[in-house]
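I've put the structures underneath this note.
Both complexes shown next keep chain A, but they swap its partner, so chain B is in the first and chain C is in the second.
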Partner chain A sequence: MIAALRAEWTKTRTAGGGAWLLAGAVAVTVALSAGIAAATHVSAHSGQEDPTKVALGGIYLGQAVVAVFAVLTISEEYGTGMIRVSLAAVPRRLVLLAAKAATTTALALAAGVLAVTGCLLVGRLMLPGAGLDPAHGYPLISLGDGPTLRAAIGSVCYLVLIGLLALGVATVVRDTAPAIAVVMGVLYLPPLLAQAFADPLRRHIEQIAPMTAGLAVQATATAHSEPIGPWAGLGVLTAWAATSLLLAALLLRRRDA
Partner chain B sequence: MNEATIEVTGLRKRYGPTLALDGVSFTAPPGKVTGFIGPNGAGKSTTIRVILGLDEPDEGRAWVGGHAYQALNHPLRHVGALVDAAAVQPSRTARNHLLWLARSQRLDAGRVDSVLGQVGLTAAARRKAGGFSLGMRQRLGIAAALLGDPPVVILDEPFNGMDPEGIVWMRALLRTLATEGRAVLVSSHLMSELQGIADHIVAIGRGKILADAAIEELLTGEQVLLQTPAPAEAAQVLQRAGGATTVLDDSTLGISALSARQVVEALGRSGVAFAEVSTRRATLEDVYFQLTNEETEFRTGTAVRR
Partner chain C sequence: MTTTTAPPAAAGTPERARFTAVLRAEWTKFRTVRGWVIAPVMAAVLCVLFTYLVANGTHTDYCTGTGDCTPGHAFVPTGPDGQAVADSYYTVGRQLTGDGTITTRITTLTGVTSTAPTSVAPSQARQTRPGLTPWAKAGILLRPSTRQGSAYAAVMATGGHGDRFQYNYGHDHAGRPGRAPRWLRLTRTGNTLAGYDSADGTTWTRIGTAHLAGLPATVHIGLFVTSPVSFRSSADGSRTLATATFDHTVISGHATPGAWRGQNIGAGEQDFYPTLRSGGYHRAGDSLVVSGSGDIAPAVVQGLLGANTAASSQPFGLTVALIVLIVVAAMFITAEYRRGLIRITFAAIPGRGRVLAAKAVVIGAVAFVIAAVAAAASIPLGEHVLHANGAYVFPAGALTVVRIIAGTAALSAITAIAVLAVGAITRKSAAAVAGGILVFVLPSLIGSLGSGGAVTWLYRLSPAAGLSVLQALPRSALVDYPYTFGNGYYPLAPWAGLGVLAAWAALALAIAAVVLRRRDA
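Let's look at the complex of A and B:
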């Protein structure tokens, strides 16, 4: 297993594209958060706002880049035929999948920590300019605040789980473009579909869809308006990622390479 | 069993409606180059994928040094294989491609540089594999196969895309590997590539083994060459007399299992005209065509009976 891990790490390190994609994920996330912060204006008549959630808004887009990264870790091998070389080197297929999952976890974790830190910094610096300042009853974003810390850690976990979900899908689908399409569909379609329905159906869709459920972990001041509790929501996403990896493991074992 | 042996027994594999392998059994012994010959689509690559644990056979087993491939710890130290030379990520350098493989087998980077030297890619080691010619990719694939210094080496069509210099190099390398005591299994659809270097021949056609024998046994016969204006009639006559015939061109037949004198006598009795009779030593190509012809005759024979 250690050898397989080192091999996977060496693959990621030497492919060139991976590092750029992850740097891109961080940049896109922080940039979108900055954009949202710049566009936010809060007046006295606005309802209750959630500065932490606003600051972490960039994850909405950054997750797509993390997903693409995770898809490519295996779909590119199917594309070039290198998967056969990999499986000849590591014939225990679940070990190969586990090594890929571990590498994806580690790298999504690193990118997630950077992105979330960047988002919160941007929020702390920019949001007071939008009216979300202590004078209006909004304390500055701080990791010393329990719910904010939970939102931060939860967002990092969210990105890791999205990566694992995408890795599983790509292992099942084995082809880059369709795999990316499936992942994007699973992430972004349910929230759009939900809009077509009234509560309680809309709420139920949002409770079981990976993105809406998973992102509930970001809410601090407005947690009551989320479809699902923060950790329960992350649990739903974990179930999605686990199912995806389980299916991937079954098919990887059964299918000819 | 010797570490350096491939043993395949009763492989059967169906892909949808096609029976890719129909009871394939053979042994590739240590210290020999075993030529695995057959036309494209005969089942060579499928057999190799089964040996490497990439494809699961419906029936039968493949053993490497007495073990199933999946049971090998650090398999590349037991079996080195070239399956598809195009199977490299284009953005990775040759050296890094070998480096991740080395890591997966707990081999140190020194082995990487050593095999790069062995295949003549030292100068291109830090170039991206995407820019390599097919011949260079074949060399990179060979380097990967040799990385773990394995007692068994399996190369699927290693001559593809190689220039004449590369072919000479490859032939010498195959000989060297066998001399070192390794079992070397080399597939090819071109018999001429293996003439003179294969010690042992496994011929496959339509998923069936047509021959599994030492080269001396296969190349014993002399072939009789017959120039005749009536090759079809001559073939009929000679087959009745117990010969196996191959049409070489419009007016030339190759005949085995009959001596030149028997050919002349048979044709004389039947009054078939001929211009010239000569003999030559059988080549691997003759043997192969003879084997595949027998297979074809068998098939057409059954078709007619129905």
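Let's look at the complex of A and C:
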């Protein structure tokens, strides 16, 4: 297992795009958060806002880059035929998948910590300018605040779970383009579908969809209006990731490479 | 016999390969990959299927003031041109037979605004504060009957837009600026109606004329007052009421003898347009004081009706179809790089720009046809299901529906070409697929964060501006309404939005053409 891990780490480290993608994930997350913060103007007429959630809005975009990174870790091996070499070197296929999952987890975790820290910093510095300041009843974003800490840790976990979900899907699909489309479809389409419906159907869709359920952990001031509780929502996403990895493990064992 | 040296045909001919031959080669590549044929067909089927599901999941309830809700919708009048209109006002009038002239003077025009938004039932929103809305109207009205949605012409003083001559809900001529006091006159000559205004009652200026075809001999004439919902202080809008004082009212012509008759039009419980309270009139010496609430204008206050249009069930299905088309478009070029086929392609057709052009034509045509078929099937289906569920569907003219279908097809074709170009630049599908999908799903998701400003800019500048072609709700300069994205209005006009997307696609194609030429395959 140690050898398989080291092999995966070497592949990720040396095969060009990985480091750039993760750096890009951090950059686009923070950039989108900054853009949202710059475009936010809170007036007396707008309803209750959630500064932490607004500050973490960049995750909507950053998760896509993390997902692409995770998809590529295995789909590129299928694309180039490298997978046959990998499986010859590590004949126990589940060990190979586990090593890939561990590498993905570690790297998504690192990128997630950087991205979330950047988002919260941007929120703390920029959102008071948008009217989300103590004078209007919104405290400054601080990790000393329990719900904000929960949102920060939860968002990092969210990115890791998205990476694992994407890895599982890519192992099942084995081709980059459809795998990315499936992952992004699973993430982004249910919330769009939910917007077309009224409650209670909308709420049910948001409770079982990986993105809306998983991102409920970001809510602090408006937690009551989320479709699902913060940790329960992350649990739903964990179930999605686990199902996808389980299916991947089954198919990887059964199928010819 | 002399031997001649053959021209270097072997090197020259492939270079000059006719574009149709290149096109045929690319079309053959496309249609012989089974997945690439099945996927677009599936895209069309999914678009129709999801449009049906979304339309079928849309139910509207219609609630009366007493709190009883039943499926169905409030009554929305339909204007002479088939458009949805507001037609609510108070009128004091009588019948006029044949030609005639009505003259009056408005000495005061004042108004009040409800302190509660329109979402609060009128019975619980009695409190008001002073405030006259810019499109509060008071003046002279002439129409075949007081049936809502029928033709009309009116000359009026307004709260903030000066004197106006308007007819048939969308037509507007500006007269003298400023407010009351002023003199107004409306004349009928056959089917021709003319509006005049004057500062002193002796020097008259014609504001405009209207020809109302098929006007009967006997028509309703009268003074009217109305005052539309104001969105100044509340996103939901506040009901308003205007009061005008008329004097020196003279009718020349064959008017029915007897007293003036007051009528409240379109202010019932079943009417969609929110009115503050019933209007009315009373005499004060020689003057007539009339108050009214409502509007005579195109209907755009769709927040009160739900945002259903002929095309409103379609965007989700279209997004699903676009994702499938994006995957196929990306693979159409990246699969060649992956399998090394690109080297054979470029050996056969050394003009790389023509290969790119041929691929763009093939994938663009496929996406255009698939999207056109999907839209042509799903728009009528969605509209039918919405009607069957009792939802109000904003009427859209045949031209608008054709524009949305053609726009959907063009949007898909341009998107497919842009994704193909990005695939050619990166030689891998990841960036093309991920970027293509993000462009279309991200704006509406960020919109749910409540940051309207960011979304507006995305729909102006990013390729997502192309979605503006789906715009089906009408705008009107005669109605003060927040025409924001949250209320169903894209910031750009349909074809301008498509132009933004096309500019992005052209940029990607240009970069791809340069890169293909410069680098090794």
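Here, the second predicted complex is superposed on the first by the 257 of 257 C-alpha atoms of A that agree within 3 Å, B and C clash if a C-alpha of one lies under 4 Å from a C-alpha of the other, contacts with A are read in each partner's own complex, and residues count from 1 in each chain.
In this section, a contact is a pair of C-beta atoms (placed from the backbone, for glycine too) under 8 Å apart; a residue touches a chain by one contact, two chains touch by 3 or more.
What you see is a predicted model, and the numbers here were worked out from it, not measured in a lab.
With chain A as the common reference, chain B sits beside chain C without any clash. Of the two partner chains placed by the overlay, only chain B lies in contact with A:85; chain C stays clear of it.
Contacts of A:257 after superposition: chain B is touched, whereas chain C is not reached. After overlaying the two complexes on the shared chain, residue contacts for A:231 are found with neither chain B nor chain C. For chain A, the partner that touches more of its residues is C, with chain B and chain C as the two candidates.
Contacts of A:7 after superposition on the shared chain: chain B is touched, whereas chain C is not. Aligning the two complexes via chain A yields an angle of 110° at the C-alpha centre of chain A, spanning the centres of chain B and chain C, rounded to a multiple of 10. Within the superposed three-chain model, A:20 lies out of touch with both chain B and chain C [touch as defined at top]. Of the two partner chains, chain C is the only one touched by A:195; chain B is not. Superposition on chain A leaves chain B and chain C with their closest Cα atoms 10 Å from each other. Counting contacts as defined above, no chain A residue meets chain B in one complex and chain C in the other. Interface residues of chain A facing chain B in the complex, by the touch rule stated above, are 3-4, 6-11, 14-17, 76-77, 80-82, 84-85, 87-92, 256-257.
Note for the complex: chain C touches chain A at residues 50, 54, 57-59, 233-235, 313, 315-316, 319-320, 323-324, 326-327, 330-331, 334, 338, 428-434, 437-438, 441-442, 444-446, 448-454, 457. Looking at the complex, you find that chain A touches chain C at residues 32, 35-36, 38-41, 45-47, 49, 53-54, 57, 60-61, 64-65, 67-68, 71-72, 79, 176-178, 180-181, 184-185, 188-189, 191-193, 195-198, 201. Those residues of chain B lying in contact with chain A across their complex are 49, 52-56, 69-70, 72, 74-76, 81, 83-84, 86-93, 96, 99-101, 103-106, 144.
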